[in-house]
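To keep things simple, chains are lettered A, B, C, D, E and F as they appear, and every chain counts its residues starting from 1.
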Amino acid sequence: MKKIEAIIKPFKVDDIKEALNEIGIKGMTLTEVKGYGRQKGHKEIYRGAEYVVDFIPKVRIEVVVEDEQAEQVVGTIRDAANTGKIGDGKIFVIPVEDVVRVRTGERGPEAV
Amino acid sequence: MKKIEAIIKPFKVDDIKEALNEIGIKGMTLTEVKGYGRQKGHKEIYRGAEYVVDFIPKVRIEVVVEDEQAEQVVGTIRDAANTGKIGDGKIFVIPVEDVVRVRTGERGPEAV
Amino acid sequence: MKKIEAIIKPFKVDDIKEALNEIGIKGMTLTEVKGYGRQKGHKEIYRGAEYVVDFIPKVRIEVVVEDEQAEQVVGTIRDAANTGKIGDGKIFVIPVEDVVRVRTGERGPEAV
Amino acid sequence: MNSGDIAWMLCASAMVLFMTPGLAIFYGGLVRSKNVLGTIMHSFIIMGVVSIMWVLYGYTMAFGPDLGGGLLGGAKYLGLSGVGADIGPYSDTIPHILFCAFQLMFAVITPALITGAFAERMKFSAFLAFTILWTTLVYFPVCHWVWGDGGWLGAMGALDFAGGTVIHINSGAAALVCALFLGKRKGYGTDQMHPHNLPLTIFGAGVLWFGWFGFNAGSALAADGTASMALFVTQVAAGTGAVLWIIAEWIYQGKPTTLGAASGAVAGLVAITPAAGFVGPVASIIIGGVAGVLCYGAVVVKGKLGYDDALDVVGIHGVGGLWGALATGLFAAEVYGGVNGLFYGNANQFVIQGIGAVAAIAYSLILTAIILKIVDAVFGLRVDDEEEHQGLDVSQHSEVGYRIV
Amino acid sequence: MNSGDIAWMLCASAMVLFMTPGLAIFYGGLVRSKNVLGTIMHSFIIMGVVSIMWVLYGYTMAFGPDLGGGLLGGAKYLGLSGVGADIGPYSDTIPHILFCAFQLMFAVITPALITGAFAERMKFSAFLAFTILWTTLVYFPVCHWVWGDGGWLGAMGALDFAGGTVIHINSGAAALVCALFLGKRKGYGTDQMHPHNLPLTIFGAGVLWFGWFGFNAGSALAADGTASMALFVTQVAAGTGAVLWIIAEWIYQGKPTTLGAASGAVAGLVAITPAAGFVGPVASIIIGGVAGVLCYGAVVVKGKLGYDDALDVVGIHGVGGLWGALATGLFAAEVYGGVNGLFYGNANQFVIQGIGAVAAIAYSLILTAIILKIVDAVFGLRVDDEEEHQGLDVSQHSEVGYRIV
Amino acid sequence: MNSGDIAWMLCASAMVLFMTPGLAIFYGGLVRSKNVLGTIMHSFIIMGVVSIMWVLYGYTMAFGPDLGGGLLGGAKYLGLSGVGADIGPYSDTIPHILFCAFQLMFAVITPALITGAFAERMKFSAFLAFTILWTTLVYFPVCHWVWGDGGWLGAMGALDFAGGTVIHINSGAAALVCALFLGKRKGYGTDQMHPHNLPLTIFGAGVLWFGWFGFNAGSALAADGTASMALFVTQVAAGTGAVLWIIAEWIYQGKPTTLGAASGAVAGLVAITPAAGFVGPVASIIIGGVAGVLCYGAVVVKGKLGYDDALDVVGIHGVGGLWGALATGLFAAEVYGGVNGLFYGNANQFVIQGIGAVAAIAYSLILTAIILKIVDAVFGLRVDDEEEHQGLDVSQHSEVGYRIV
């Protein structure tokens, strides 16, 4: 199985969730993260002192799927997350050796 | 080595920590995440407007262990996290190629 | 490609970011996490009740790089994160099978 | 001079001023966290801007001797010349400058109320220009009509104890125009725009409630029986508004909400404002209770009409203020404030109340629209899309509300 | 009528009302974040519910002419008939309705105090029913006993300047019964139930401290020397309570805590409440200081006894109120309030204070138990396990406190 | 006795006390979240510590009959003996104890202001020792100089209506020494030390603004025309300070900030403090406006000088207070407070103001340095590096501010 990790812009979460739903993906996990990359940060001013904040709020979406579905999930997320602007994010594909559903103890593909 | 990633219900954290302690696991990392899956979310009402919130607070526990221990850790977490109700979560096993302890520079199994 | 995941002390973030910049790494993702390990937690007192809090604020830095760069990144992070005190953290190296840049659809090494 | 009256009016002035930071957090908690400072700033900076205007020309426009026709005050008090520690024309027992201070606090909070309508999307420069123009061209005149020496609505006998028409109807009407002119926030109707910090909002409502005693009981301009009754009915109407709103919610949507309780309290406070010196405890239960249900209905309906009055200024201040103005014409009883309303046989008063309300609404709608047109042409009303995504805090003020780890 | 007295009582009434939102955030910050709104709501909605009850029948039950035996007020003021802007029986210098307003604020905060005992687990419907019944059957009568015209405790000479017995002992006793009847929160003793927002709590304590000046100094019902002294000793007792609590902590547990300082201040305020008009500055140092240490001890002991009085209503209001009532019998000095206590040779006063306290405790314990039985039978007291896990905010109110990103 | 004056002074005392919790959250929001409680605690516990000192010996040091030379009050009021509900030497219309209460609130807030300078790094024990010594050795004497019966600065004719010299210059000078002595916070200049909760800070500024009416208008010690004018100019100066600060920022750094508005308001309030009873509305616009620009300049310059006055006590209270003291010597006009300043032909007053300021600065600088030396020797001023990383909340108080999920 594969874990698809996508670092995306926060306001894209709902679109991606729906796009994934449409291709039958009904489970995912979200984390609020901060990203550093090409996208420029912003300036902040507090009593005359200026700071540049480079780390930009992003969301990481993680979806674990069977190998065959991985490519489709990657494509779906890419399409839904794309705005064409710098900072749209990255998708990483990572191998997963096993999955367990805590409730039932099921393992492997039927656990996701 | 393996990284065991478990997405679990937040109130189970202490139980799991203790269960892992009992089998000699003394290190782990926690992240607050939001999960989407079979478990139903809740309704919110603000001045007449109703929203359904699908993303449910979960905690991700990550433990990196030697290959031999992986199965035991998975079993331990599963037992401690299980309530038998929908939403108990998932455990993912992911390969880890190397581990470094920052303080000492140790590598591999002795670093965890 | 590899994902380098480092669990480090929060106040080291800026140093690490700069050290990585110097070796040409211009992208990374940060998560606020809580760590449990050898480092001792602290006591809290609320109206006579005492609690021991074992989970200590840490930051996870994730950097995805080409295989050749992995070792250098690990070394750089290690050097920048090291204070010599317990709790300095760990670095994990995890295989990544593919990377996509959402904006352009680029894949593999040129996407990071 | 009466030191008791002065003591009370000093406190009442302070309490009314305190309402504006209270409003700032009431509103601030309701927006998304990326806009919390921008929203708070609206109210906060108005405390500064309007204070300056008031000294320079505001007080005289509102309370200077009538220029004729009851439409505007004359220039006598320009730069507050002649407004000092002595008795003035509006009270025999407190210094003129104290009356002027008390009224300043009302002039501050009225434009601040409107800001809820355009929250989360207005440019700061445009907001400033709008506020200055609106306060000058709408608030000062309407205030004169009702409370100014020779103002036409006051002369006609319109009752507005503490500002139902001057403040709430007036700002509610302006809010409607603002919501329509600015258009919806990006993502309105699809994204979830939950309040980001309800404890802040609820405590803000508590501050408003507290300050409102100064608002309503202070409008007696004396520490006397009228003020005492005004304070009492204020408490009861606020409480009844809170209770009835959550009952309505409970029946209609299945849950009583904390935000509903706070909103209902504000609705009750708004509705009792014009009536405070003219009605008694039992009437205040009705006025507050009806306000709770009515304003709840108004915010539900808004969701269906689809304009984006972000923080429900129309539904609460507009609708609540209108109800209060009319209710004053219904429930006023001679024993409390010297005037009877419809229910005590004086149908005329009800008609007068209606005329006052309609006049204020019409004037406010039209002038607000003109002002917005001008401001839009000069500054542009809205931040651009990228800035709206980022939030006002970063884009307008280079600040971030919270860094809580 | 005295405009100075009226001015002060208008302010004092507003200040006491403001204590309830202050209490809402004081309590709100102490619970886990999933219960913050449910906890705030308890206090907030009481401001509404009790206001309505007060107009309809509460005031007359407490302050109507005695029905005989000093147990309850008669129906004379039902619907507040006859309670208006004129002088009433309880003061010669302020309007009857103003006395009624001031007392309403006390009736509001008393049941709100109890809510700390059952925080994080009570059903909202059950809470409402409990509050209505308790206020009716316990607060109004006990208030009559002490302050009502002809109330038996007042007639006996029990001193309770601003409500040590009526408010704090009374609510503390009720809180104990609530904690025992509802049982512990799930996870109590094993899970870590840290306060989720201490800045909110500490500021809430600041609001309470501010409002308490109205509470205590307002209880003089006049702007005079007694009120002035009451204000001063209130400040000193609060401060001493804070300092002594953290010293006790520092010695016993090794660290002085911020929550300890805030809790100690409240303990000091509670303890000085009955004594405020009867003692001087030096006594107030002792009363406040002992309260700080004693209430700290009480919360430490609670941890060992094992009942789950979630926010320490028993330890602070019960124990602090009892100490204050007795201390009044010790430290009262003729020069301040016309009565001597034990230390000034009048042992009798101390005995009377004890009788008053015991009577209030006994009555409150029994009635609270009966009320809880009834409410439990009709509504069920506690939310179910799943709801308790979710938190009251989502399960009872369909809301979430924070969305701070 | 005048019940109106008493009513006002009761309220004013409560309002000034309320400023300290307001300051606690104003400061608390500005630090990093790991220090929020430690910062709040500084202000909060001072409310306790100074209250006790005041009763025991503070009041008599400040307001006891002069010991000779105008330097210190004598022991007459030790333990507040003889300070009761009767008229005292400082007012003919309010009880002595009420004057004493009002002044206590000033004694509380002054050392609390200083805490902003050493935020985020001072040991709690050292802070307590410093506060006790500083209040005793600096505040009480300087207070006596200006306001005490026979104090040399007062006798010389120095004008300080509500504490520009006694409170703001005094604490500002002490803050400078503290910042220099303690040294910079670890990471100052390299780490980003953003405020962690600006809504808390801005609301804190709102509470300060509200309370400041008690501060300034209360300093009239009566509910009269002077108090009324003082209240009005307070409002205007605060507002103008806010507006001018953000204009200066907008021009110089490109953005108007919310924290700038709040800071400017406080700067305006500080500057009008000594002048409040002596100037009129137009002067207050100038005083407040200049304060806004000047204090903004001061905080910008601080960044370049490099000392770490963490929360800008020097820049706002020191600089603002100094400007206010001098401005009083410029703008004072006989019509308001009976004295003319330089602009009304009385250059002498300006000189006197300067002498007063210089004396307070010099005394405060020197004594603060000595006190810090002693405290450092006995306790050590700073927490160790590990504790500073952890934050004061955990290391000094074993608490954590937030657990918001």
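Some notes on this structure:
Throughout what follows, contacts are C-beta pairs under 8 Å (C-beta built on N, C-alpha and C of every residue); 3 or more make two chains touch, one makes a residue touch a chain.
Given the structure is predicted, the values throughout are model-derived calculations rather than measurements.
The fewest steps needed to get from chain A to chain F, moving only between touching chains, is 1.
Two chain pairs, C-E and B-C, are compared here, and B-C has more C-beta pairs in contact (counted per touch definition above).
Separation between the centroids of chain C and chain D, computed from CA atoms only, is 51 Å. Chain C and chain F have centres, each the mean of its CA atoms, that are 45 Å apart. Residue positions of chain A with contacts to 2 or more other chains are 31-32, 44-46, 53, 94-95.
Looking at chain E, one finds that residues 2-5, 7-8, 11, 15, 194-195, 197, 223, 253, 255, 257, 259, 397-402, 404-405 touch two or more other chains. Every residue of chain C that touches chain E in the complex is listed here, in rising order: 44-51, 53. Chain E contributes residues 2-5, 7-8, 11, 15, 32-34, 194-199, 202-203, 205-207, 209-210, 213-214, 217, 222-229, 231-232, 235-236, 238-243, 246, 253-259, 261-262, 264-265, 280-282, 285, 335-336, 401-402, 404 to its touches with chain F in the complex.
Residues of chain B touching chain E in their complex: 11, 14, 42-46, 53. For chain F in complex with chain A, the touching residues are 192, 194-195, 249, 253, 255, 257, 259-260, 263, 296, 299-300, 302-303, 312, 315. Interface residues of chain B, counted against chain A in their complex, comprise 2, 6-8, 31-38, 54-55, 58, 60, 74, 77-78, 81-95.
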